[in-house]
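Heads up, the next two complexes both have subunit A, just with different partners, subunit B and then subunit C.
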Partner chain A sequence: MSATSARSPAGSVGPVTARPTAPGSLGVADGSGPDDPWRRKRRPAHGHASWRVAALWLGPALLLIVGVVIYPAIALVRASFNEYSITGLRRGSAGWANYANVLQHDDLVTVLRNTIVWLVAVVTITVLISLALAQFLAKEFYGRRLVRWAIIVPWAASLVITARLFTLMYDYYHGILNTLLLNLNIVNEPVDFLGDDRWTMASMVAVGVFVSIPFTAYVFLAGLHAIPTDVYEAARVDGARPWQTYWRITLPLLRPAILVATVLNMIYVFNSFPIIYTLNERNPGFIHDTSITFAYKLAFKSAEKDVGMSAAAGVFNVLFILLIVVVYLRVVRPQEELR
Partner chain B sequence: MTSARMTVVAALGAAALTLTACGGGSGADSSGGGDSGGGDGGKVTSIKLVAAEYSKTNTAKFWDDFAKAYETKTGIKLEVQVISWTDIDQQSSTMIQNGSPPDILNLNVYASYAADGLLYDADAVLSPDVKTDLIDAFVDSGTFEGKMYGMPDLSSARALFYNKDLFAKAGIARPPTTWAEFTDAAKKITALGNGVVGYAMPMGPEEAQAEFSIWLFNNGGDWKSGDDAWSINSPENVQTLEFLKKLAVEDKVTQNNPGRTNRTDGAFSLFGSGKAGMVVGFSPLSATLDEDKSIDYGVAPMPTNDGGEPQTYGVTDYLMAFKKPGNAAAVKAFYDLYYQPEQVNTFIKAEGFLPVTESGLAEFASDESLKVYLDTLPNVHLTPTDDPEWDTVKLAVQQNIGAAVGPDGDPQAVLDKLQEQAESGS
Partner chain C sequence: MTAVPTSTRAPARATATRRPVAGRSSPRRFLLPLGGLAVVAVFLGPYVVMLLDALRASKDVLRTPATFWPSDWQFTTFNTVLSDTRFLNWLKTSVLVATTSTLIVILVAVPAAYFTARYKFPGRIPFLFLVLVTQMFSPTSLVVGLYRQFFELNLVNTYLSIILTNSAFNLAFAVWILHGFFSAIPDEVEEAAHLDGCGRLGTLWRIMLPLTRPGLVTAVIFTFIAAWNEYVVALTLMQDDAKKPLTVGINSYVTGYEQNWDQLFAAAIIAIVPVVILFAVIEKHLVGGLTAGSIK
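This part shows the complex of A and B:
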């Protein structure tokens, strides 16, 4: 289920690719003119729809939201205030004890540090690589269609399977990566990518970037296509050099796309469970866990085996990512773009 | 302007919630219908079994056939859900949280469930002649506070697997019987070079407690001392863990990073590919190796520290029955049928494990390849699964003991900490 949930940003790509006029749109940044057929549809000639009709159209979506967002959220909060036996049996109310236990956990600092490193590294590297990649894909060249499809592939594969494949590739004894490095005489003995503390996080970040690039690159690609060509013509007439053009025109006009891709990636990378869980499976304790796998292990794998404590950690997770997103939005001040 | 921003924040908040809610993996949808409870105190018309998947090929097939036989015999429907070992803890915990446990649950622990008062004891659901047929060691391990709750479904015993070709190449005449001989053999095999290691040691989280158990039993150690007190940091156990660390760090006769190697995809796969001279294995590993036919291996009793009588470490899993209104008779009929030799022994044979009944011992005795295990089965050493505290200790051991066999590992400190955790009951 984590594998599918991590795909959720895909949902927001729909409008982007279908409507290249509104890059990275959240449905608010609508730069289209009055002739846009999309806009006309929104204003039926007969005035407002009756509440019956509205309910009919909204009903399924609302039910879905109640079922998959609101109910689990309530259940999560409720569980966090209850005391559970190791078997999962509810023993009674726990008050704030579960929250206190999470905050007093010996490995909390390690886990938080891992989470920040993971989040910042994956999102930053993904955005930088995707910017370059989108620029490349926006050019006309022979076989472009093929390359574009190839980049979608990692996105289409299940995260668990991708992560499994990477554990095989990283393997100390049989991994293709070590075979390659040894044969090229880059290293003298194999690198323990997933077991050596110096390499584990970097190895996981590489996979995180690999699976985040397709979505990000396509958001940027849509953004590039939306930049009017006359702006570039004007720049050329004024004698702007390529780098100046990129720095002064492309990047500023790509800002909304970058903003949306960054925020969605932050949420998606933060919540990424399968990569860290799978690649970190063999390591004892919490040394390379992020707050998401930490919460999972608290419930089912570690000596705590406590559903209530795990639920409290889950509530902290939601608050944590909300805080980060809000801080990010404050820093980049999206008002201009998202008005 | 502000309202647009609020919308964005709210939308992102909802997205964060959705993703987190899914990522946490509540799995609440998979508990199935709780329709088996009679409610009115009458008899149930169907019961549900949640079984662990020992193998993709056999487990589901056996239980489906079993369900048909059960329905024919009793007229009660048996709903079967087979779940992989990686997910079954999570799923069973979710079922109990939601107040809809299955009628029968197949798991490797039971004592916590008994302590929570969720289970029927054997007096209620096991026929006396079925109980007398069970091997005594397993009755003991299934007994919590004087009553038996953990009915064994199958058992396994561990032994030393060695690669005969590598032994011949290294000039080792016979499998080692003492730790000194073991170290010597491992060194000779490692010296063969070409990436071969003497001993594949899985001390990663998957099954570290099993690997440590078999070594400590062969050093006169145990998890608990005679008076039922924890003895995790006993001198014997510390010596055992120091020996394992020495193999890894000083002698360098193990694979890379044994504290972070799991059993199935780590140690077993190394041994199976002919890259490890020795590994602690069990009968399902034989089945895999026989099928692959890639290496020539032998199975020997474990070496002991002082050359004394080898001790066998065994594991049994359980079929426990949950108290639900009106299901006692149906559950009893389930056990009656399961412990029929043609059922239980068929299952065990198909999965490549060892019997749990005296009649099963007799039936399996003719199988030469199982002799090394069967001879020792009645005297097998088990982990203290009859103590609910073990369910926690086991997890703590799995998550922490690997650190002790690393270059900076401190066996004494790791075991002291585990002992402290076990005694404090947290």
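This part shows the complex of A and C:
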């Protein structure tokens, strides 16, 4: 089952990136055809090699992928059909019961809603702010280097640390944020950012955006640097206004970078664990959990410690992100850009 | 805070540098650095709070209402943390795991990326799709599967288990970036090397690798950071306190039983500094690496 779940996305990603030909036949056919998605605008893979030689060069990579990614994926699927004791010992086959339990879970709707809000909000806000920020950082000004370094810090800091730091800064009693807001007379009484249900998700999204911006801004910055300056010269000569230049030239030329950053962000943000787990630690149940922390808590933190059910939720998670990425790629159709 | 000298020195330097866009009004010279200062404040602000929290007693951290400046400065915390054997053990694990994983990723990804970029062979496209799909799998969503696997192999609580996990899940990105770089190198370069009697390995080592340095740098940094900051798998697999990496270990400074916020944050800063320095050193390569490798 996992073998198919691992292959089917490849099949469905295939047509998006590679166009109609089946992935299998592509490999045998000469890779220099226009259908080869991996080297548009690039040099052809010139030499031929037998699969024996190839196995030598790719062997280690294949071993690592199959051994530590594919095999655990299969182990996950196997676990999802079994019943385990609280200590993690296998009790017997569970059939589809674990899946049924996940689908019938009281908090499933809440968790799904949280997941969608978290994913859409963090990715959208991150991309928009990063676009502006990259544009700013591409300009020449004094101290630019320092600003670029400063942005690196949230990226370099571990997510758990940043999450713990924000837990403290958001705190109702001891949080610096409340002191600041009170002193500036923005609020009259402290806000319970992490305890008040109306604020919890927004507070988590803010941290999610904060830690996602550095990587995204850097990808955009790299994209901006790749745009040749003569394009802008031409636009200036033609009398384009700055806003027109941005809308008609910069954004379209930045499209590949936006695609790459959005897809990678969707994957990272969906799989993001420490922020939600840490900021949400005090709240009981699954009211503010996304499907990732939900699955984890089922196995390791909830009262029942249900490994089988957690595995079933994990299978749903993998399928969910594959589905989202595939749908996104179908909608934006990146045949041209995404190699 | 750190940016103050910049803004005061800004006008002097701004007049010295020639601006490519002629005729721009002077307000921009002040506005842009000012905007930069605001950006620095937003992104560094929380970490400045963290530093100031590391420099005061834990009780002071939990004062109501919170104050920005410490009421009493306490500089001993960094010493306390650095002489704490628990901390040194976690640091050792982090260094060991991050460097070994990075090494493995590079050793495994370079041949794979090079070979798929330069040679046609049966199974090439399926392999590249496999890599693309792996990028979507995260250790977090597979954590139960990983746990079951390492449990069966009796590898729970070993360095090997988290080293392998970090290597495997960062491989896709490295192959992806490096593949782009190898593909972009003109054939002629390699042909010349072949004519001069270089074998495949020799060509890769002496000719191709130096040409892909920005890509290598990007791959190394991404892997190192990801491994250095990995949390979920280490949290699940490493039960022996001495074997925990920093990300998991330092959380025990603040638990239900003891609340050493000063030590937590001092330890956190010690963990961040090397990474930021590493990043700052290669910042220029990073922009180049992301450009040529993944976008274009």
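We take it that the second predicted complex is superposed on the first by the 280 of 339 C-alpha atoms of A that agree within 3 Å, B and C clash if a C-alpha of one lies under 4 Å from a C-alpha of the other, contacts with A are read in each partner's own complex, and residues count from 1 in each chain.
Here is the rule we use: a residue touches a chain if its C-beta (ideal position, glycine included) is under 8 Å from a C-beta of that chain, and two chains touch if they have at least 3 such contacts.
A quick note: this is a predicted structure, and the numbers were derived from the prediction, not measured.
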Identify the partner contact of A:V325: answer first if only subunit B is touched, second if only subunit C is, both if each is, neither if none is.
both
With the two complexes superposed on chain A, say which partner A:S158 touches: subunit B (first), subunit C (second), both, or neither.
second
Tell me which partner A:R198 touches in the superposition: subunit B (first), subunit C (second), both or neither.
neither
Looking at the overlay, what does A:W57 touch: subunit B (first), subunit C (second), both, or neither?
second
Comparing the two partners subunit B and subunit C, which touches a greater set of residues in subunit A
C
Check the residue A:E281 against both partner chains and state whether it touches subunit B (first), subunit C (second), both, or neither.
first
Answer with first, second, both or neither: which of subunit B and subunit C does A:L89 touch in the superposed model?
first
Where does A:A75 make contact in the superposed view: on subunit B (first), on subunit C (second), on both, or on neither?
both
Regarding the shared-chain residue A:G314, is it in contact with subunit B (first), subunit C (second), both, or neither?
both
First (subunit B), second (subunit C), both or neither touched by A:P256:
second
Quick check on my understanding: which residues of subunit A belong to both its subunit B contact set and its subunit C contact set?
6, 26, 28, 65, 68-69, 72-73, 75-76, 79, 88, 173-174, 264, 267, 271-273, 292, 295-296, 299-300, 307, 310, 314, 317-318, 321-322, 325, 339
Interface residues, subunit A side, partner subunit B - complex:
1-2, 4-6, 8, 26, 28, 65, 68-69, 72-73, 75-76, 79, 84-90, 172-174, 190, 192, 194-196, 263-264, 267-268, 271-273, 281-285, 292, 295-296, 299-303, 305, 307, 310, 314, 317-318, 321-322, 325-326, 329, 334-335, 338-339
Note: in the complex, subunit A contacts subunit C through residues 6, 9-10, 13-14, 17-18, 23-24, 26-28, 30-32, 36, 38-39, 41-51, 53-54, 57-58, 60-62, 64-65, 67-69, 71-79, 88, 133, 136, 139-162, 164-166, 168-169, 171, 173-176, 178-179, 182, 210, 213-214, 218-219, 221-223, 225-226, 256-257, 260, 264, 267, 271-274, 292, 295-296, 299-300, 307, 310-311, 314, 317-318, 321-322, 325, 339
In the complex formed with subunit A, which residues of subunit B make contact?
1, 4-5, 7-9, 11-28, 89-90, 92-97, 112-113, 116, 118, 195, 204-206, 208, 255-257, 259-262, 266, 269-270, 273, 275, 388, 391-393, 395-396, 398-403, 421, 426
So in the complex, the part of subunit C that touches subunit A is made up of which residues?
2-3, 6-7, 9-10, 13-14, 17, 19-20, 28-29, 32-33, 35-37, 39-40, 43-44, 46-47, 49-50, 53, 61-68, 104, 107-109, 111-112, 114-138, 140-149, 151-152, 164-165, 167-169, 171, 175, 179-180, 183-187, 225, 228-229, 231-232, 236, 246-248, 250-251, 254, 261, 264-265, 268, 271-272, 275-276, 278-280, 283, 286-291, 294-296
